[in-house]
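The letters A, B, C and D name the chains in turn, as written, and every chain counts its residues from 1.
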Amino acid sequence: MWTRDSQAARAARELQDGFYVNLGIGMPTLVANFIPEGVDVTLQSENGMLGMGPFPFAGEEDADLINAGKQTITELDRTSYFSSADSFAMIRGGHVDLSILGAMEVADNGDIANWMIPGKMVKGMGGAMDLVAGVKKIIVLMEHNAKDSSAKFKRACTLPLTGKGVVDMVISDLAVLARPAKGAPFRLIELAPGVDLDTLRMRTEGHFEA
Amino acid sequence: MANKLYPDAATALDGLLFDGMTIMSGGFGLCGIPENLIAALRDSGVKGITAISNNAGVDGFGLGLLLETRQIAKMISSYVGENKEFERQYLAGELQLEFNPQGTLAERIRAGGAGIPGFYTKTGVGTLVAEGKEHKEFGGETYILETGLVADVSIVKAWKADPHGNLIFRKTARNFNPMMATAGKVTVAEVEELVPAGSLDPDQIHTPGIFVQRLFVGRDYEKRIEQRTVRQRETA
Amino acid sequence: MWTRDSQAARAARELQDGFYVNLGIGMPTLVANFIPEGVDVTLQSENGMLGMGPFPFAGEEDADLINAGKQTITELDRTSYFSSADSFAMIRGGHVDLSILGAMEVADNGDIANWMIPGKMVKGMGGAMDLVAGVKKIIVLMEHNAKDSSAKFKRACTLPLTGKGVVDMVISDLAVLARPAKGAPFRLIELAPGVDLDTLRMRTEGHFEA
Amino acid sequence: MANKLYPDAATALDGLLFDGMTIMSGGFGLCGIPENLIAALRDSGVKGITAISNNAGVDGFGLGLLLETRQIAKMISSYVGENKEFERQYLAGELQLEFNPQGTLAERIRAGGAGIPGFYTKTGVGTLVAEGKEHKEFGGETYILETGLVADVSIVKAWKADPHGNLIFRKTARNFNPMMATAGKVTVAEVEELVPAGSLDPDQIHTPGIFVQRLFVGRDYEKRIEQRTVRQRETA
């Protein structure tokens, strides 16, 4: 089984030199810590920034410089700022190569649900629907099973969707499942150390090719 | 030159407000919000506002101020997760809420300001957001129709302005402010600094003065930070 | 009868302090020479400029600084530059107060034709269709009659339209015809010196109230 | 860092060209046109181009160069009045032409780059431009549907760039260049000056580097002026 850091490191191996990447809030943020040597990626923050730098040193925070998670950040020598309309034109127009997001559920047809649990107070989808609809490749980083041990990679999502048929790859604590194109079936790409196929099948509901 | 300069937020809003009006308010989270104008809206007592803003502020700051006083009847937002009073009013049925995906919201405002009453987007297809909206195929893919948004008044926050109303924003405090400036029937801008005409580089103006009808220098900016994240200096 | 300069001066009386104005190519350009004392207007040029200044002094021309007629111009202390998309967003969105244009024909329902004569090589509409559709108020500056003496203010346009029902005011060498709102009938507002109502009627085809 | 820098126009276009391709070319009149790239397109001999450009250049300069060599099969433009060879080929039926209102053309390109396959506009309603297009009412007014435009390659001209492909334009030479940079599957930019990374103000970048795949410093700019208009100095 992979730790959260291992999952993030595994996701970072999907980064290619020159990629423009949007990282979601939570576990996806960790991916920035594992960018491989010699691979140069530029991080997009959907509130209006390309070229996001690391957190500032204490005392150097700037209230006018935050990421989409409202965290204080810094700029780089490549940074540009733009409006929210221009930022989502960039996202919707397919210019961002990769987005790594969390999810509550992913279905084996690529549907994703990560914004709303009926009965709980809804906080809103923020930019998640725009990202899954617009970004070229969507990787989901999530636990393989929920706290009640139910499978999160499912036959069909039970929660309201964020996007339909949009997910390209799932990296869980147990395995990497991916497909070569939207519409294709998911395949097992890699098992985490100490996980065998039977265990994976037992803990998975959605269909995948092994 | 037609005078756009006002001494403060209250006078800049004078004569523009009425109950039941639609107001766009710039900012992302608490970053780049028109602090002075929100406080002046609270003091004005105007009621039944439809507020178009990406977020709803926090308890006691930003649009949270207008929620406390129950001046907002409806919010059009993409994310409202930082506000307990919002949650209370919404769950009690005292507040209407329309969620838009953030990029759809940004584009609807841009469209409203640009005279575009509707556009098609892939965002939200197959989700709750698409329900009741026209679907159309382009090149074999399905898109939904979203409409332009305009406001009776837009309130925005910029970094610098000249007396002609040309605006420049700073870093990620730009966010929704430029589009909202274009989509208000009247746009009121508060700025940190007023500079003399001719001192802004004409190649570098984010919002041309045509979009700004009223303007003043704000005061006592708090610029609150929601998530103060820092890294450690490495010691040798 | 008014000279071209007098027509332009008459049009300039429609300018109000604080107006943002787009002037078409040809006679409308002359209006800038007659802006009344104490009236401050900002000229928009649809190729991407707000705050257009006068022609440069000889030797100070800048190839990167032209107006929509491709003429060298200068900037002012209020000038801003923007893209063509932003420029026409400004126009289409109704932010420009007034556009003064030339025309080959105007109909008494406000239709305007000024871009195409069938049988002749068509050069294109440029920004004219966007301007008449988007700008709040449209004033046409034209000769009252064509070279063959036919009326240019007509019952219906015979040439392909630039816009339908969009004209608010016509300032010809004979008269000013205007209407209070799109859809309302045109009324005679003013006769040029030496022109009487009978002459005007004889030389006009379209309906107007006197 | 992925290298975006190329030594010249020919190498920057290498591998991108094919007969029958669609190319967007920036500029308004002869202002802000990619002079080096147009010359390299001529030298490449690529044929059957659909050219999306506000104008068609003049005889012997700008896109006029590609008309002389008959490399252009179709133009999508708003105004082509300055070109005799264009007129000759068009009247002889050798060239297809699609006129778009200038603002519609600009917005179609912006939409193409922004993932918007269609939008509604009032421009052209009731004219030849509206024929065959979907009409729709919004708020009691009639609008027509226009579609987004994309290109196989966009060629643009900027003033300054950094090695990351961030671009800044100068005065009215900006015009169509920023939107075209967003609407090319591949965008190639020529610039007057390359500056070191970090020397452009991040608040003032017109085109973020994500839109620029290839970049070079142009040479021998002619920057022709179509209408040299001057005023007299008043003598005291």
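Here is the rule we go by: a contact is a pair of C-beta atoms (placed from the backbone, for glycine too) under 8 Å apart; a residue touches a chain by one contact, two chains touch by 3 or more.
Which protein is which chain? UniProt says B, D = Succinyl-CoA--3-ketoacid-CoA transferase.
Note that this is a predicted model, so its numbers are computed, not measured.
Student: Name the chain pair with more contacting C-beta pairs, choosing from C-D and B-C.
Tutor: Counting C-beta pairs in contact, C-D comes out ahead.
Student: Using mean Cα positions as chain centres, tell me which chain lies farthest from chain C.
Tutor: Of all the other chains, the one whose centre lies farthest from chain C is A.
Student: As a quick test, compute the distance in whole Å between the mean CA positions of chain A and chain B.
Tutor: 28
Student: Where the centres are mean C-alpha positions, what is the separation of chain A from chain D, in Å?
Tutor: Here chain A and chain D have centroids separated by 35 Å.
Student: Touching at least two other chains at once: which residues of chain A meet that condition?
Tutor: Residues 75, 81-82, 88-89, 91-92, 134 of chain A touch two or more partner chains.
Student: Quick one: which residues in chain B touch 2 or more of the other chains?
Tutor: Those would be 107, 110, 114-116, 121-122, 169-171, 174, 202-203.
Student: Take each protein chain as a node, join two nodes whenever their chains touch, and name the resulting shape: line, ring, star, complete or other.
Tutor: other
Student: What's the complete list of touching chain pairs for this entry?
Tutor: Result of the pairwise touch check is A-B, A-D, B-C, B-D, C-D.
Student: Using the touch rule from the top, collect the residues of chain C that touch chain D in their complex.
Tutor: On the chain C side, the touching residues are 45-49, 54-58, 60-67, 69-73, 75, 81-85, 87-89, 91-92, 111, 116, 121-130, 133-134, 160-165.
Student: Write out the stretch or stretches of chain C touching chain B in their complex.
Tutor: 17-18, 20, 40, 42, 44, 50-51, 75, 77-82, 88-96, 134
Student: Quick one: which bits of chain B touch chain A in the complex? Just the residue numbers, please.
Tutor: 28-32, 54, 77-81, 87, 90-91, 99, 101-104, 106-107, 109-110, 121-129, 159, 169-179, 206, 223-233
Student: Chain D touches which residues of chain B in the complex?
Tutor: Residues 107, 111, 114-122, 136, 138-139, 141, 143, 147, 168-171, 174, 201-204 of chain B touch chain D in their complex.
Student: With touch defined as at the start, can you tell me which chain B residues reach chain C in the complex?
Tutor: 1-2, 110, 112-116, 162, 164, 166, 182, 197-198, 202-203, 205, 208-211
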